Amino acid sequence: MTYSKRLDERKNDELRPMDAKAGVIPNADGSAYFRAGKTTAYVAVYGPRELFPKFKQDPKKGLLRCHYAMMPFSGSGERIRPGTSRRAQEISMVMEQALLPVIDLSEFPNSVVDVFVQLPQTDAGTRCAAISAAAIALADAGIPMKDMISSVAVGQVDGTIVADLSYGEESYPAVVSDIPVAMTHNTKQITLLQMDGEISKEDLVKALDAAKSATEKVYDVQMKALKSKFSVENKK
Amino acid sequence: MIVNQNTIKDLASKQMRIDGRALTEYRKPILVETNISWTAEGSARVQVGETVVMAGVKLSLEKPYNDTPDEGGIMINAELTPLSSAEYESGPPGIKAIELSRVTDRGIREAKAIDMKKLCVEPGEKAWFVIIDIVTINDAGNLFDVAGLATLAALKSARFPVVDTETGAIDYKKKTDQPLPLTKEPLPVTVYKINGNLVIDPTVEEEQVYEARLTVATDDKGTISAMQKGGTESLSIDEISMMIDLAQEKATFLRGELDKQLQ
Amino acid sequence: MSARHKLGGYRKMSELLKKEREIVIPGEILAQGMDFLPGENTYRENDNIYAKALGLVYVSGRVIKITSLSGPYVPMVGDRIIGKVIDITMTGWRIDTGTAYSGLLNVKDATTRFIKKGEDLSKIIAIGDYVIVMITQVTSQRLIDLAMREPGLKKITGGRIMKINSHKVPRIIGKQASMVNLLREKTGCEITVGQNGLVWVRGTPEGELKAEGAIKRIEERSHESGLTESMDAFLGGK
């Protein structure tokens, strides 16, 4: 038995339907909305602003801080208790590391750029949606960035390499691997890599190769969101 | 900003506002959207002007409280997220969030808006508990009214999940078409007193200059189910009476907007 | 161009890949080849010049630069800004500049009036007050010195302050201050535009409202051509 037809009938390299919008939170310096299937993320960027406590300041460059949070009603099971969790803290950390390689805060010593994520509903791929939304929000906030970061999961379900696993696929009753990846657009460098499940090294390399075209599709959505916000402003 | 705060006070005495609205006029647009979260049993996003709030309802089966063995329960929680304003920080809820959740809670609970007895599945053993979470997306002022509207819209949109008749386990991925046993629809309206004048739907800057405020939750018949006075100055009984009249009038207006948009 | 073709294949032909005033996002390739030079908000890697911020492409001669459409205000010497007093020190006032860096307004740079040693500075400018000041120094670590001794620099009283995107400030001011003068004339308001995006407007309540509406409109339509004419029509009627 092999996984020849995906649960939601997508092609193997097909992502869930995506939507994105820049500038959705007026109070923030930059913001974005990103949807992948039934996962939605809101991101607000505040800063560069003064960092407290002072001992955390870096006189050479600004600090990037990510804060990932699921809304209490956003899980597919019982209510999630508000407040941070070990999972949220880890995701916040890998988000920072996924974004930092392209962010240049050398012009903003001693400051902080805060990235806040809230997810009203989740299916799968919440960290990828959060990272993709955060990249839009940071660009919207005018933060110097060498490149865009686009994120999506790839993986293997019962022998078949697929892109953007749904929750049903993550929990498919066979050998499954779920590999959240974030990539730079120009150089296809990997800035986020995690994995759950089992996969051979050969297949892993194949999956990572598939991530190139998968993240490219995310990039197109991110670019459109940013350009449409500012071309509306530019329109006669 | 102190400059704007002084101007707000000066204008109020001339029956004017800094953004050109009438003193008792809500901002536009007022937008209500329900079912914004498939994972919640009910959910809503409400926007008034630039203020945006989301509310989600989760249902769970619990053992009833000892003193009310044949009733379910409700709980309302509010988070003022740092996503929604530079003024808010991560961490446990501050007093502003606690007040918002408790005032919203009283408006629903004390009106007996949800028939608690109908939430009981098995007396003393099992009843539905309704948990509402309010999450701010953009705080541009007047969270009390916007959160109240979002809470009611989320409650109205809620549907019970499917329960496995044999195991008793809840299948949160499947919803029935059964709504919550709502008996009435209370809505809070907050009336602010700024330089002696009554003002509705304040911006964040207007919220920094008021002398006193009164949140009044009323149902469709005008019955008051909860009140909260805030602010550092006192109110006369005459003023309170005028504030309640205004709150009732505006609750009718908001209820009309809600009904129109939920059709 | 044809001349270079004839020179043959040692050097790849340079090519501009974006149009003037096109919107680009971070990481987009703006030009290939060594004939172009990276300007503001761009960088070179190997043969290519890339965008380092979201903005509009401008080419002047061989230099490609990006004008940001959003982002923090960068303090510059000579800029007039509007700031809020957040603290009072032994020597003067600490001012929130609307950036990650506060500025210092020394007593001697604040007023021509003689101030006695030990005089209560809060009687002159209090915490919470807003001031129009000029940036006199910015260090590499973004320490900012401010002054308030020139005409037009003062403590603000009355009116209203609004916040706009600091990148839109040049449009609010206009060529040779044409836009801001039009706004002043049509609304009867006193208007000061801080380079940091804070704008102070003082006039009649109706005038202030009209000015605020007009400024928001300019901010939204900042890249329209003929904006001064269309704003003239918008503000007409008075």
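Per-chain residue numbering starts at 1, and chain names A, B and C are given in the order in which the chains are listed.
The criterion applied here is as follows: contacts are C-beta pairs under 8 Å (C-beta built on N, C-alpha and C of every residue); 3 or more make two chains touch, one makes a residue touch a chain.
All of these numbers come straight from a predicted model, not from anything done at the bench.
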| item | value |
| --- | --- |
| Chain closest to the middle, measuring from C-alpha centroids that were averaged per chain | A |
| Of B-C and A-B, whichever chain pair has more C-beta contact pairs | A-B |
| Chain whose mean Cα position lies farthest from chain C | B |
| Inter-chain centre distance, chain A versus chain B - centres from mean C-alpha coordinates, in Å | 32 |
| Whole-Å gap between the CA centroids of chain B and chain C | 40 |
| Set of chain B residues in contact with two or more other chains | none |
| Two or more partner chains touched - positions in chain A | 49 |
| For the chain C and chain A complex, residues of the former touching the latter | 23, 25-27, 29, 41, 43, 50, 52-55, 68-72, 74, 99-102, 140-142, 167, 220-225 |
| Residue numbers on chain A that touch chain B, as the complex places them | 25-28, 38, 40, 42-44, 46, 49, 67, 69, 71-79, 82-84, 114, 116-118, 120-123 |
| Residues of chain C that touch chain B when the two form their complex | 84, 128-130, 156-161, 200, 205, 208-209 |
| Chain C-touching residues of chain A, taken from the complex the two chains share | 29-30, 47-51, 59, 62, 102, 104, 107-112, 139-148, 184-186, 222-223, 226-227, 230-231, 233-234, 236 |
| Contacting residues of chain B [partner chain C, same complex] | 1-4, 6-7, 11, 14, 16, 18-20 |
